[in-house]
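Next up: the structures, one after another.
In the two complexes below, subunit A is the common chain; its partner is subunit B in one and subunit C in the other.
What follows is the complex of A and B.
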């Protein structure tokens, strides 16, 4: 009956205020960004824009989409996200299925994979490796190094382990092969798990920027996140193949805001799906019997 | 990982791994001789430890507070909003932060309207940079950190609360004596596993937010490696610093997993 006492009611009021403020704090910066992207140059310079566009116009978006560097890097991001997710999921589901079984040497194998998660050679050796494999400057430099993530493997493996063994045994008796069991029992039954992991991988690919800077020698090959890093954060657009006027146009605050906002759109678009699954995925990975 | 031998060489790209001269542990000695490198290690530990401490306490408090909200609509909306920043790239977030934290940016406008003081240079003042980093990281990640705690609270057996209420416990006492003890195993696991990231202060974040003005307090191992090796060509030295970090981290992680296994019976697979 605690929620009827005066003390608790006062606490409740403060609690609502604190949490609503926390929620707003996470969201208002994005709204501010959106407002800026639709505002006029003068309004931004005069610090008049808060959460609603002042001097509404869509010039910033026109400039952004007319810039071939921007659209080009967006295409590269889309390509790496699609290809990278498909490749990772193929490797991870098959490996996760095999490793969810008990066989001799499984633990050794598992520790080798986990070791890659705990220890890495560091920046320079990875760089030298990718270069000497001849991947530098190709899309594969962005996809292959991260294709087999041990963390995602463990998540998937744990999902597969929750599927009752009896199903598999029944299928064996009916004459199904391992591959048929994998395809028609394990994959359909672990859809939430597959969704969680593939959404994580997709977001990871879309957001990843450093590998682009590192492995792409030609700025024209930068994925979107790397492009934004150079143009918006470093404001070092000189390295890009852009004319002086283009560089100045892209450095305008409203245009910057538009670029950042466009780059977050895919994340916001998948976010509802993401939210439906990731809580389950995270909890499954963390709380185990 | 063969590239790791570079840590023991005076590596020159044109000589290759086989042609470069071996210099033993000289690179490792230099880590403790160069002022920039030792400062970077100190900065890394300070920033990472503050992030870990704040990043454990705040999500726990927020999860407990959120659990007290009865209005389902508000609870769900707050959850939706606070998880979102976790999925944004640090490039995006840095782009926003640089604008908001600028001298004439949104946060300074709010602060000077409230307190009437001079604008604060969050990203350029060495004495404030670490705090800015820790708080902005908290902004991005506290919501996501809450998930596990919320799930743990939801899993607490309701009969504990009923028993406590019959015994006349107030809500505060219930939280202190029922909710928190039930969360303890989870808190221990998270805290020990975080031990492994003591040398990981967040390259993505700092690389996008720092500038030469704040190298003295904001330069961390990873950014130092990046600058000294890829920009200045000291490949062997950069590899040595990286290897030093990896080895220390590995030892810490091994200890952390042992502790987590011992105290909370936690296993990764």
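What follows is the complex of A and C.
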């Protein structure tokens, strides 16, 4: 049999080795971070911590959860991710459905969208636009500018196109409107595509830090990623006239590690729930052409 | 069901949209409220908005505190009737500069107080016409004790002077402490060596640290000297190789402008012929393994790691660097760090370093009309340095100092409510760090001379470790080796177009020579090319600026003479 040949076995072994290495490459940095977050200051500074805490303590987590700036930023990130993903998906699925059909002016519309993939206004015009729309300092400055993405649109549009026309025609004969077809046939059949695109958008929102720094003037409005950016960034100041205790406070690595680690958790938690939709092939066998 | 779901979704989105719009409108526009100064306090309280490069306390505030509501801002409201509000916050230096630039492009308000750390940006702000000329304000409102300080540092005004007008002032100018050499004393003792004072002795020590197993573990896992050459070969604060260069070039420090004694003109340090010998030396040491292998990829802060881990034996940095590397004494049994002055040059003269007189300048929005309030607040921040008033021991009891059984303590683990590390209240202020006075660690020198620790600053200094104190004493004793960069104006015309390219070429040449990727003679080519690609033009422009700067007298019009 095919999978018992020597060649296949060798391939399997290599396959596993490479996959395990790739897995470790993702997992070990996280583990290192976790170990650091539970370790003592001196041990971290001396690079004694690898994958197991040295000088175990939980102070970093106590500081983090008592810090209203951290928890506040976390809430903002959750809000922006949920709202942003919902909004984006509403726009993208409806637009993608419409554009997967043929109608007059469709190509012109597509060219306009593709144009935004190739060129964008740049930092200063975008900033001025957001500011003069009165969005600066609001959550919408983080959501609206990126709500529509041509790349995701094309992805969804192509997904909708793979759904057999015959299904739609059958529904028409049964008296369904475009919207009913969209809701009852296209969306349920495109779950893998929806899950993929949602995950892209979600991760994008969760990790995006630059817009937060740019459009929020009060750090209390920072999303988590922007907040972490300010925490992690090393003060390159040739800081002047510091006292000994100030210098020691500067080297607080464990708190940073704890905060970074906590910030990765939500995405890791969401992933397994979306993963089951990544299984393709639901449409197979629905109709014969 | 499904219809209900989509209606709900729309509703959620709409609510959010409306809520978002209503959100933050109220927070601006409470400017210039007519607070009146009564007995040193504004009533009703006024608000001053500020820009801040980086909130270093972001991850560590106590419960319920934040950038705009913390122990220091509360103190300001309660005692001065001045509320400080950060309306423009950056991240690292570049992000902060970008945000300031963006604020300039849009029609939005600048913060009242704008700390600026980049000379080009200072120039842009002045050109934009949106910052205030402060000559008169300094004359009228600057308190006497601050005037005494600013009088000592006239050159710090250079970057903010245009056409004889002053558009800002240095942020807490002071001669900052110079760098010292930190050595693993236990390694010296194991090998029977003395701390080096000349370049020959230095070579012997780093050779022994590399080859003679100074930590006695029978492994070849140590080397001599760690420093950083990633962004510059003159870092100015930690992991600095500057003493090796200065040993051959004297006062002509790489990447800085100093006066050439013969011609009386400013010349650029990196093209001085002595650098060639310095590079030859470093190249030789690098090939023998005496130096940090990754010196060209590690930034100044990263390059200290090898010392902290017990791999490298010598590092140069500001005396406080001891606080950042002392973990090696905790982690490795028997490890002891000792501090020494930097080595002498080949001519027998001392080696020099770059002096820092200030970190950035304050500029003020044209719409800000309450300089009196600014100076009132600024002067109070100096209380911690003078050891007077509310801040005589520190900024906040239980944050950066505490009083336990009638004794002032600075060690956070001994506080009434012990902390892992202190809360840097000085870093919450608009000065970025609490202001300091007294040249280059004078407090420590005075203590060493037997002065009694009877003021807050002296008590704070006295609470430090012995090694820490010794470092500052050395730093103070050697303060004559500190040379301020004589060109501190805005980038000149040719600099704006060519400087980036010249700097890259310089750094690449230096690094490639040290790594033995190109022959040593590449240095001569570099100097030739440097002149050709705009260097000679820039030198002229810099000298033109210099002769103008030394002519213009603005100090007297500010009442600072």
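One rule holds in what follows: the second predicted complex is superposed on the first by the 225 of 289 C-alpha atoms of A that agree within 3 Å, B and C clash if a C-alpha of one lies under 4 Å from a C-alpha of the other, contacts with A are read in each partner's own complex, and residues count from 1 in each chain.
In this text, a residue touches a chain if its C-beta (ideal position, glycine included) is under 8 Å from a C-beta of that chain, and two chains touch if they have at least 3 such contacts.
As the structure is a computational prediction, the values presented were derived from the model and not from experiment.
Undergrad: Return first, second, both or neither, reflecting whether A:175 touches subunit B, subunit C, both chains, or no partner chain.
TA: A:175 sits against neither subunit B nor subunit C.
Undergrad: Is A:32 touching the first partner subunit B, the second partner subunit C, both, or neither of them?
TA: A:32: touches subunit B, not subunit C.
Undergrad: Just to be sure I read the superposition right, which of the two partners does A:203 touch: subunit B = first, subunit C = second, or both, or neither?
TA: After superposing on A, A:203 lies in contact with subunit B but is clear of subunit C.
Undergrad: Let me test your reading of the model: by the given contact rule, A:69 touches which partner, first (subunit B), second (subunit C), both or neither?
TA: second
Undergrad: So, does A:256 touch the first partner subunit B, the second partner subunit C, both, or neither?
TA: It touches subunit B and subunit C both.
Undergrad: Go through the superposed model and pick first if A:127 touches only subunit B, second if only subunit C, both, or neither.
TA: Both partners, subunit B and subunit C.
Undergrad: For A:217, using the defined touch cut-off, is the partner it touches subunit B, subunit C, both, or neither? Pick first, second, both or neither.
TA: second
Undergrad: Once chain A of both complexes is superposed, is A:188 in touch with subunit B (first), subunit C (second), both, or neither?
TA: neither
Undergrad: Looking at the overlay, what does A:229 touch: subunit B (first), subunit C (second), both, or neither?
TA: Once the two structures are laid over each other on A, A:229 reaches both partners.
Undergrad: Which positions of subunit A sit in both the subunit B and the subunit C interface?
TA: In subunit A, positions 47, 123-124, 127-128, 214, 229, 233, 256 sit in both the subunit B and subunit C interfaces.
Undergrad: For the complex, give me every residue of subunit A touching subunit B.
TA: 1-3, 5, 7-8, 11-12, 15-16, 18-20, 22-27, 29-30, 32-33, 36, 47, 50, 110, 114, 118-129, 154, 157-158, 203, 206-210, 214, 225, 228-229, 232-233, 253, 256-257, 260, 263-264, 267-268, 271, 274-275, 278-279, 282-283, 286-288
Undergrad: Inside the complex, what are the residues of subunit C that reach subunit A?
TA: These residues of subunit C touch subunit A: 2, 9, 12-13, 16-17, 20-21, 23-24, 27, 53-56, 58-68, 86-93, 95, 98-99, 102, 105-108, 172, 174, 176-177, 236-237, 300-301, 305, 308-310, 318, 320, 323-325, 327-328, 330-332, 356, 359, 400, 410-412, 420-424, 426-427, 432-434, 436, 460-461, 463-465, 468.
Undergrad: Mind pulling up the subunit B residues that touch subunit A in the complex?
TA: Contact set of subunit B toward subunit A: 1-4, 6, 62, 65-66, 68-71, 74, 77-78, 80-85, 87-92, 94-100, 104, 106, 109, 139, 143, 147-148, 151-152, 155, 165, 170-171, 174, 186, 189, 196, 203-204, 207-208, 222, 225-226, 229-230, 235, 238-239, 241-243, 245-246, 249-250, 253-254, 266-269.
Undergrad: Can you tell me which positions in subunit A touch subunit C when the two form their complex?
TA: My answer: residues 41-43, 45-48, 59, 63-64, 66-70, 79, 83, 86-87, 90, 123-124, 127-128, 131-132, 134-140, 183, 213-214, 217-221, 226-227, 229-231, 233-252, 255-256, 259.
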